[in-house]
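Two complexes, one shared chain (subunit A), two partners (subunit B, subunit C).
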Partner chain A sequence: MNIETNHHIESPKEKQNRHKAMEAIKLLNTLREDFKAPIESMEYFYDLFERVHCKHESLHDDKTKIGTMCIQIPSEIIYALDGIPIRLCNGFYTDDEIGSDFMPQKACPLIKATVGHFASGNFSDKPDIVFSPTTCDQKTKAGSTIESFGYKFIDVDFPRTKESEASREYWRRSVKQFALELSKFQGKKLTKNNLKDTIKKIGYAQSLYNKLSDFRKNEIVPILGLDVFLITNAFFFDKIDNWIEATQKLINELEIRAKEKISVTGKSSPRIIYTGSPPIFPNYKIPQIIEESDGIIVADETCSSNRMFNDMVAVDEWNIYDMMDSISDKYLKACTCPIFTKNEDRIRRVVQLVKEYKADGVIYQAFAGCTVYEMEQRSVLEAMEKEGIPILYLESDYSPSQGGQLSTRVEAFIESLKTRRRNKK
Partner chain B sequence: MKYFAGIDIGSTAIKISIVDENKNLMGFKISASGSMFYKYAQETLDALISELKLNNSDIAYIVATGYGRKLYKEADENISEITANATGARAAASEFGEIKTIINIGGQDSKAISLDSDGNVINFAMNDRCAAGTGKFLDVVALKLELEVDTLGEYHFKTQGTPLSVSSTCAVFAESEIIGLLGNNHSVADIVCGVHYSIAKRIVKLVKRVGVKEGIYFDGGPALNAGLVNAIENEIGQKIFVPQNPQITTSFGAAIIGVDSYNYENN
Partner chain C sequence: MKNKIRNFINNGDLRKVRFWIQLASFVLFVYGGYLAINFGSSFPVFTCPYNEDVSATCYLISLQHQLALPTKILFSPAFIPIFIGLLTFLAWFIVLNKAWCGYMCPFGTLQDWITALRKKIGIRFGIYTRDQFEKLSKIKYVFLVIVLLFPLLMGAGVISNNWSATFCQMCPARVISPMFTGDFSQWTIDFSSKTNMVLTALGVSFASLFFVGSFIKKRFFCFFCPMSALHYIFANTSIARFKKDGSKCTRCGDCYAVCDMQIKDIADDVVSTNILRDDCILCLKCVAACPEDDALHFDILNIKVFSSTREGFEKRMNVGLNMKNDGEIDK
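Then we have the complex of A and B:
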């Protein structure tokens, strides 16, 4: 005596796909529907994420996919060797839960999610080889776990200091070694012309990002910080030419919006600089709370956004050696990751952003388990205090709950910024 | 022939089963609990007895179970719904095979019960005192979507896109989340499907606390909802067994326990 319930039962892969699709669509619907004055050209990006994460479409079928684990692996070299760089830093809670079986309980959710993604082997664009710079402890150690799942995984030695000439030399050697390995893997030679072309192409993408950022300096802000995070996250995996075209189109629309003084915020919305652990799709928890609480993120200092685009490769002579060295320097010298022994650069960058973007305050988020960001909050908070810049420090993770407590704190901070601005006048 | 009654007084419904000496189910009746548990339980029992063409004196032993069990003073014995559920499930699923785990979703609670090979309860987990992941939650959703609660299952399978997750754990907050989704013109099917998955995830967490094993039995009113059954199957990754009348498992179990208690007391 039983009711016939003969429905198909999902395989683990189908289940993971559904979970991720549900996470993704929730955020995409929020972005599409919940904010005022939506930007038409953003639909390209919403649709891109929906295709990849809800419909699980592959973007790069025919190409060799080169997985990267941090921003320090130079995309210029990957493109020059005819590969597609795919940054695998992951923001899905679904994968975080899968990764928990392989990582200590208190580990960083980003790394747990990344490991979980590899463990499942379920990629819309599966990497053929993975290069991982030895940045923070957890990422470095996660490499051997990922390798044990059967991936071709290569460590790229990254120094923990950037002050000395020795560290510079060390990293330049690592980058050369990386280029050599990849060249062997691809069976292709790195040529002067190819490298020059790709430096220029990525430089062009960076210049578009800078143009986009300029609009956020305006008193009337025409684009949400959330949308910008989505655009920069798309750079992780999108076809670069499509990304350039879509961003160009978006900039054209922003120009019109700027002229027509179309704003995505209220009149007194405090301007926020976002720093700390990177928002990676779909974990936009804190940015979403900020912008739903009438704050507007005008700039950020994170490795999933500003840090990817901020500094260009500066080449003196377009010969291969000079190009290689310039590329290496960009990824070391300009980097403000908290893994470095000293990191005055990061503080300088945040202060500079506050001034340039006329921000009212800074929100610093660290993932619970990301020790370096947790540690560095002390020096950043002190420095901001010295500069008289209000700052709020938050810890969060990938779990879908916890929203209530965090939003109360963010709301109170934003209200205090509003009061502060009023009293100034 | 002697007969035995099991009365399960739940927050939403009163379920009564009558078995004979050989523990065969003779009949059952379900009615709403309403505001007067005792009165309605008595009326339902009387109605069932007359439906089966029996007399009150034919009922040798009554076992009460469920939240309202202590209100039914005429019972010869009262036992917790966990024990009754375990006994009922094993009897109801005798042809299906051995039951190792029971998922029960009631009107105001949900639980996972783990059994040993003799059918004894070895562990169980219940939800916190909150309507999240219970039948009440489905009622609230159905009311908001202007659907009958028993049609939710059909809507589940009509979903075209991605199920829309409802992340609030609280039934009251979830309701406002659903209002938001409706306000943005999302399909009812996608919402219903998302609601089922959010309940399913919650219940699977409970099951994991007692250990996931083969042989899962699902009962309680919400087990009539094929969409929810499918959602739980997907979340847990295996087929689950749903009895013909999932609502009466616990009262059936109580009646069976009545047979054993009666025999024990009178021999």
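Then we have the complex of A and C:
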């Protein structure tokens, strides 16, 4: 054996891949093995993430990939124009560290990780063009940094108030502009039938998600919140038809589980609504702590999950401009992103979720550095207090340390919810 | 059983149901005279007696005639029949509230048919900007004042008899309704006096505008209808209510997208429980297009008769798991 020829110095790219694969597989193994009554059909999703993040397989080799920076870029339009939407919000600590060189020290880890990912240029599916709605300050400003790395990066004007009629019109115009730019980029015309088909396609995915959520309303919860986050995160980049098929299969399995009363929780696990900064694979730190501490996440109010799927598009007549307007309104008016000036909608939504999913408490996570979620904490906590809903506010980041302190707080909160429930009885 | 009926209704195809109800009521009210049906003279929709075969008389024409009585008589016991007229109007009205507009009014139905024609040709409908909407939406109150004020002035002797039934002379329904039975004689200008000439000229122009307008804009005339304004004044007396549960609303705007009358509150107002607005015609298209369970509902005597449900939404929009086929029927 010749040792010298086998000697190999790891390139930065290889190192990044190795670290990311480690992050990914650690979580996937936990999901596969550490919880009771695993769901067979989840294997598709575990495998998908393993393929993409550990083996760095490309899913959309032959297609134009349209990067999006937030949920407000309508996938309906991207699909109608023959593109594949890839949501680039990133959850890797490895990328967060790379991004730290380009962002202020106290910036949001999600944005640092996203910028880091772009800086490395190391994508399994590299976006051909990126559209970024001007949502929060950090994402908006990160755009020019990302552009400086040599990406085709286009801002899509997004208003910060949503009550006024002006903002509705403004956003409708922005979406039209976006469709025009993309249409030019793709050299393809947006037609009535294409758009209608993709509204139906996305609608089908939404409908599946809602069906999936219905199972979580049951007293016996047949699926972990962690698994649902994984499913919804897969929608960021998966082939939509595969996603639909896999989710359909999963729902069939859940139906059987619901009949057989198979539970993934303990007997008295408190039901949690999760809200705040989005858990994005593999940063499932807080959800993992919750579900390892005998809590069960029954629903969430985050942009990486519920907010992507909940609201479906309706039109009166299937004209292209009416479809566009209805799509636009959904992405603005129903959005509960904390960047908006006022955000009573978000509070109403959380309260409604607590009622609908019969939750015992709410856990609100904000990334340290995500100013808007940090700021909104006050009003949400106040509102929950008024409603008599217990809530825990946590700040976290992507670092693998810090776990001990967080789990102590979460465990204490969950214990208190259990006591509360006992006392109620 | 109760749940079965409820699901059946909530999953129903509102468009079809509405089409048949509208067709039936159109025939009944417009041609009912042939069968000697008579619903009286205080009817809360535009059943115009200038067409002699209608089976009911629009309350506005009766009201104008009654208010035009000489002032002295108006404040005598003769007041009682007028009062009874109003009560009869209310008796009809409270049953359906503004759903009279969305389901019963032949004039409204006619506009929906013109809309269907436009849709078939594949031309897109027009919309008002918010500013235009706010201004235009007030016109119906101006018409209502005309309905009420001019007969009183006539009764008081301030203006001449040429002003008799002022609004009717201007009303497009007077010109158009007789056409249903082949009578085109109202498409003329009455030159008997200056007043009549101006008023009937307005009537003929409004009638022409009606056809152009309702081809472009859904329910074009309803924005201006004084009957709609009168309805709204009494809306709270009705047993039929249109309610919204704001806590369930995500403001996705689907209801607003399908609203013929462009009522913004339906999507944006999450505080009011009573969501009936003055322009509303209670067609309930918004309820049918709302994907949130029970966020919008139409109640009669506080019983939810028709509620928004996700399942119903998916069936009607033909999307998602409750899709009927591959989405081809809803062109």
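Worth a mention:
Operating definition for what follows: the second predicted complex is superposed on the first by the 419 of 425 C-alpha atoms of A that agree within 3 Å, B and C clash if a C-alpha of one lies under 4 Å from a C-alpha of the other, contacts with A are read in each partner's own complex, and residues count from 1 in each chain.
Here, a contact is a pair of C-beta atoms (placed from the backbone, for glycine too) under 8 Å apart; a residue touches a chain by one contact, two chains touch by 3 or more.
Note that the structure is predicted; figures quoted are calculated from it, not measured.
By the document's definition of touching, of the two partners only subunit B reaches A:Pro12; subunit C does not. Applying the stated contact rule after C-alpha superposition, one finds that A:Cys54 touches subunit B and leaves subunit C untouched.
In the superposed pair of complexes, A:Leu182 makes contact with neither subunit B nor subunit C. When the two structures are aligned on the shared chain, A:Lys196 is found in touch with subunit C, with no touch to subunit B.
Of the two partner chains, neither subunit B nor subunit C is touched by A:Met42. Contact with neither subunit B nor subunit C is seen for A:Ile223 once the two complexes are overlaid on the shared chain. Using the contact criterion defined above for the overlaid structures, shared-chain residue A:Ala299 touches neither subunit B nor subunit C, since it reaches no partner.
By the touch criterion defined above, A:Lys26 reaches subunit B but does not reach subunit C. The partner of subunit A that touches more of its residues, comparing subunit B with subunit C, is C. Put simply, subunit A touches subunit C in their complex at residues 163, 165, 196-197, 199-200, 203-204, 206-208, 210-211, 310-319, 321-322, 325-326, 329-330, 333-334, 344-345, 348-349, 351-352, 355. Subunit B makes touch with subunit A in their complex at residues 92-93, 95-96, 157, 161-165, 167, 169, 184, 186, 194, 197, 223-224, 226, 229-230, 233-235, 237-246.
The residues of subunit C lying in touch with subunit A in their complex are 119, 124-125, 130, 246-258, 260, 264, 267-268, 270, 285, 289, 291, 310, 313-314, 317-323, 327, 330-331.
Subunit A makes touch with subunit B in their complex at residues 1-3, 5, 7, 9-10, 12, 14-15, 18, 21-26, 29, 33, 54, 400-401, 403.
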